[in-house]
Amino acid sequence: MPAKAQEKQKLIDKEGKRIDGRNPDELRPIKIEVGVLSNADGSAYIEQGKCKILAGVYGPRETHPKHLALPDRALLQCRYHMAPFSVEERKSPAPSRREIELSKVIREALEPAVFLEYYPRTSIDLFIEVLQADGGTRGAAITMASLALADAGIPMKDLVVACAAGKVEGKLVLDLSDAEDKLGEADLPVAYMPTIDAVTLLQMDGNLTLEEFEQTVNMALNGCKQIYKIQKEALKAKYVALKEVAEE
Amino acid sequence: MPAKAQEKQKLIDKEGKRIDGRNPDELRPIKIEVGVLSNADGSAYIEQGKCKILAGVYGPRETHPKHLALPDRALLQCRYHMAPFSVEERKSPAPSRREIELSKVIREALEPAVFLEYYPRTSIDLFIEVLQADGGTRGAAITMASLALADAGIPMKDLVVACAAGKVEGKLVLDLSDAEDKLGEADLPVAYMPTIDAVTLLQMDGNLTLEEFEQTVNMALNGCKQIYKIQKEALKAKYVALKEVAEE
Amino acid sequence: MPAKAQEKQKLIDKEGKRIDGRNPDELRPIKIEVGVLSNADGSAYIEQGKCKILAGVYGPRETHPKHLALPDRALLQCRYHMAPFSVEERKSPAPSRREIELSKVIREALEPAVFLEYYPRTSIDLFIEVLQADGGTRGAAITMASLALADAGIPMKDLVVACAAGKVEGKLVLDLSDAEDKLGEADLPVAYMPTIDAVTLLQMDGNLTLEEFEQTVNMALNGCKQIYKIQKEALKAKYVALKEVAEE
Amino acid sequence: MASVMVKVKQKQIAQLIAHGKRLDGREPNDYRPIKIEVGVIEKAEGSARVKIGNTEVLVGTKVDVGEPFPDTPEEGVLTVNAELVPLASPSFETGPPDENSIELARIVDRGIRESKAIATEELCLEPGKKVIIVFIDVYVLNHDGNLIDASALAALAAIMNTKMPKYEIVNGEVKKKPGYIPLPIRNYPVPATFAKINGKMIVDPWLEEEQVMDARLTMTFDKDGNICAIQKGGIGHFTVQQILDAAKIGQQKSADIRKLVVKE
Amino acid sequence: MASVMVKVKQKQIAQLIAHGKRLDGREPNDYRPIKIEVGVIEKAEGSARVKIGNTEVLVGTKVDVGEPFPDTPEEGVLTVNAELVPLASPSFETGPPDENSIELARIVDRGIRESKAIATEELCLEPGKKVIIVFIDVYVLNHDGNLIDASALAALAAIMNTKMPKYEIVNGEVKKKPGYIPLPIRNYPVPATFAKINGKMIVDPWLEEEQVMDARLTMTFDKDGNICAIQKGGIGHFTVQQILDAAKIGQQKSADIRKLVVKE
Amino acid sequence: MASVMVKVKQKQIAQLIAHGKRLDGREPNDYRPIKIEVGVIEKAEGSARVKIGNTEVLVGTKVDVGEPFPDTPEEGVLTVNAELVPLASPSFETGPPDENSIELARIVDRGIRESKAIATEELCLEPGKKVIIVFIDVYVLNHDGNLIDASALAALAAIMNTKMPKYEIVNGEVKKKPGYIPLPIRNYPVPATFAKINGKMIVDPWLEEEQVMDARLTMTFDKDGNICAIQKGGIGHFTVQQILDAAKIGQQKSADIRKLVVKE
């Protein structure tokens, strides 16, 4: 669609509501399940808006190929991958440059949380599959991947939770959808460990003054704190379910 | 050529003869030579109709790369590859998906015949080069490759022989040519070890009733039995020739 | 540009001068610097006409991957690579067939000079980056690369020096520029070790009688001998500079 | 130790099958429970998730416009791709498709193509120039055996679920008109896969059975019970009689499973 | 032995930084000397070589005509590619771009794209069919730390140095007219990169500092001092306060460095 | 043990050559027997199989229509590709072309191109848009040394054997007319390859000689005895005199071999 036609579409109405009916500081609906795959050592699934993302963790296991093994800690490997049918135009299965960059920044967002030094010479392999993409896939992926790591029994300092905030038609908004990300003025995803005030991912595209930047970071952190609760409930639900199964 | 034009061409005439003059249950002319390459440990060449296929076997030899070696038997590797000039439109030298699938099914057709357990940790490498393609390349390749293995001195339970049968204009026919394969209603290649009643390859494309299926399988097996004789003669010819050379 | 239009352009004028004003047996201006990179063990930079080429040498160092190591001598590896912006039409960064061939012939031009047997099991890695291409890149690359090897302290029998000669509009000329190479009748690059009369690279494209061939080879060798002096001065300049630094 | 336990289990599986029994309690000709959901990916033109026991496969379709193959200028193009994504099994690796994923894609492709399930001649917009391309992407999410049947079934359900834009040619350019129409589906190919273990034939092998099987046989049947595609796999062999018997059983199994997708 | 010496040096770097000092004598917020040369490759449409200390990056641009992306039919195309050529560092290898070179290229790309440095809407020749493509190739020649700032600065200098042919459409074919015009440049994005070592923030880390840093933070500012792109890297973390502080310092550093490229 | 025997044999080869003799009884300037067959692959537009001793090379050509290179809009395109297929030698591996097969293809290409053997200016159908492309695929079937001469000879025989369709342009589309015409061949390049062993020059090295040679020199001569291409290979060197002597001998050898292909 040519830029001109797009500009006509209003992303925020007179009452300050967004096109999907949300208030500026409102998250999209989030649904998280932990332990959804039978083969992986840990797994999780998230739906956040139209995002549908699945992750599986294998490890700690033998590093392959061997020469990658680290003498003093585990090797954390991460592949962020999109299904060909996850986006409007079919995506080639070969990894795109964007997927390679996201694999790196997601790994670096999770790595500060994991006690890798407990498992020297092994490999912990995280596979993230985007089944349907929407705005904020990297954030949803991190939120859910840290649960998959927990489900695999990997010890962590804290869960890592992620959320974006940004600017759309001059207003700061939380948890951007696809249209808001593409047509808005700024998108700023943050990954965070709330209990130790650690920002583990920070990226931005767009244009923000220094003042707006500070506000946007704080809005994203507020989103993180809300999602953190949902994360913990999802983890609890898995173990309650397990307990019930055990007690049956 | 558009499908409509092709349909006008009759593949079987009023007398029941096929476009190349064969009867329905008649094989194409077959010429096999064993031991045609000086470097390979074993080799063979076949012409079946317009098919011209060459195979070379190296091994048992050191497995490369080493980590592929199996502790209790030899690794049988097989590459089915077509020369760029072997078909109407030039084929790119990179392996196509069809070549990768055929490499697998041909390997699995030959593997049941070979005493791989005699050569643990080694590799037996079979290279099949299609110099000219016609209908039935996979069958001709298997027939000839099992001779190349024999020529390399690899012990086998039986020679594997292969042949296709199928349906063309409603008639069941043996050993389909290219045109019959493309325009016919079904193509069913079978690989077989006659002395132990073992079917080691079975594929089909097309449309057959259960009854037709049984008839087609039997027709293909009949073809196999005829070719089996030619196979054995080719092998004998090689060793008679060797003996003559030795006695000169 | 169509061939016809090109033919109208005269590459040699009535006075026998070439389009860049040179006489037939005259080299392009050459500027060489040794030791221009801080990380590489040895490095050099050359400008010859519009050619701008940089080389770095790492080694002798551990061979990677290990199975390439040679028991009795060092492995000399060479990559000739062109920057995407080095030519008129942007070049894809992936190595072209031409770059792969040149990497091989340049390696084979330098290898006779190097005492590889002094460093068994190690690797000497030479990386040549063409920042701007003109006629005669392979010659300039060899001339400069042998200085980078010397700068890395690799012992050599002699410096290898290279230069092309060729035929343009019926005249034999030295050190062809891009236009002369493309529109001329022959280009003959030679690499040479002057003190031991060793030709280590010889290629030719074009059309020469046997008599012309002999003259062209001799013209190229004369060019080599002139450049050899510039090479030695560049090497001396580096070590004088080092000495001055040391004495300061 | 693990490996010893694996061998004990494998022996147990083989011995049970010799007596017509299976470790998970099934009869030789029983499938595991099959669950089919469609329309699970809204951004795909069609989608389906199929579970056979713990095996789980997701198939999404995309529809686009492109050039026909030179030898079929008046037909749409069908492209099947399969990915064995590494979260589905510790034995799957990242990287370009290997022989297993290529074989899987080609078996699924063959069933659809040979049964003429999609009326590709209705997918031509401008002969020789513009046709509709249907991408069928098979995504294996959890591997617990018999990927072929799960993938082929999910692919069938996904193409039946596919809605494509209405296209028209205006001044040589392809335009989308408002609205969507279903893909023209003419047949319903369904495979039945057998494993041979210890000389006996069973259907729908799960992972532990696949690890001890000698050979695998997949027969795909169309809506009329005719065979439209066959693939033998594995390094063992079948007798001729085993193949003829499998064809009869497979025809029945395939008809039963088809009813889960094709509601009449 | 080498490895022991490396560890001693690394410890020394970390300890100095804890006291607000650096091994090479710089203050925490000092850049190394920056040197910029433009027009160094005559065959490129634009070029620049930037040195920050011993780090050296060459950027060349090429201009060509091609098709626009389907979703921006009236805009030119910007393509950034980075090569960590193996003569630049013993840790760089030959082969296709790895995650480090891809990340580097995407950070440079993002700064130029998000600040709208190039007016891509002026690079359209025929909407939906023919637009101008600008290739920006980042060539790292010597790696002594902070490749991001050196690459982004060289890219900015190179696009400002770029002259492109005048094109016109004649009977649907693209023709070159005589003469050249500069690329339409509208903004001047400049990044500032921080490293966190031993809990402290420094700017412009050199190689030895990068080897001990916990995390890296790059903020790119446009000509008005607004932030247009951010990238955190490395396996450590930042506190929120560290990020907000870095933004203020980065804004100033970026303004200082911009003056080296944009002469008023 | 094998390796000791190899070294003994290699020493023997080198010593014999020092005395002007060769292990297989040939004189230094003798070729092995050469056998040429043409038209061996009916589906190829042209083909030839050449044996030099036990070295065996098959070349097939294909003719197609495509776009010219931008800098030669009125000339057909010539593409030479070589495959060292792994059945030909235990040292050949599967995978994309390595430096040896690329060098081989480029030497064959250079001989044909520089001698103007194919009149590419007669292969233009519509300037700048449609030209005839000739694919020359070199397929090495058995490697017993001197692949260059065998390949170049087979390529020459194959292009001389090539028949191409008659094309015409009808309303901007390429159509085939009935009948075939030969490729326009104007020259007959033939190489002669030398090996330097133990300081002496020999022609047509076989595999055992190649394994001990210091360096290799290929000179390609056209029908008038002029040199049109040269390639030195191997990690040794030649003296200037050795090169000049080789040129004289090569001219004669090439003329002799040309008679096997070009019958007058």
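For clarity, chains are labelled A, B, C, D, E and F in written order, and residue numbers in each chain start from 1.
Convention: a contact is a pair of C-beta atoms (placed from the backbone, for glycine too) under 8 Å apart; a residue touches a chain by one contact, two chains touch by 3 or more.
Since the model is a prediction, treat every value here as computed from it, not as a measurement.
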- Chain by chain, through touching neighbours only, how many steps does the shortest route from chain E to chain F take? 2
- Those chains which touch chain E and also touch chain B: none
- Measuring centre to centre, with centres taken as mean CA positions, what chain is farthest from chain D? C
- Farthest chain from chain F, comparing Cα centres? A
- Item | Between chain B and chain D, centroid-to-centroid distance (C-alpha), Å | 27
- Rounded to the nearest Å, the gap separating the Cα centres of chain A and chain F is 58
- Message: Where in chain F do residues touch at least two different other chains?
- Response: 97
- Note on the structure: Where chain A touches two or more other chains at once, the residues are 89
- Query: What topology does the chain touch graph have (line, ring, star, complete, other)?
  - Reply: ring
- Running round the ring (origin chain B, first step to chain D), the chains in order: B, D, A, E, C, F
- Provide the residue numbers of chain B that touch chain F in the complex, in ascending order. 37-40, 43, 50, 52, 54-56, 58, 61, 79, 81, 83-90, 93-94, 125, 127, 129, 131-133
- Query: Okay, in this complex, where on chain D does chain B touch?
  - Reply: 70-75, 97, 99, 102-103, 105-106, 110, 114-115, 217, 222, 225-240, 243-244, 247-248, 251
- Considering the complex alone, what residue numbers of chain D touch chain A? 41-44, 47, 54, 56, 58, 60-62, 64, 81, 83, 85-90, 94, 96-97, 135, 137, 139, 141-144
- Query: Within the complex, which stretch of chain B touches chain D?
  - Reply: 1-3, 89, 97-98, 100-101, 103-105, 108, 111-112, 188, 193, 197-210, 213-214, 217, 221
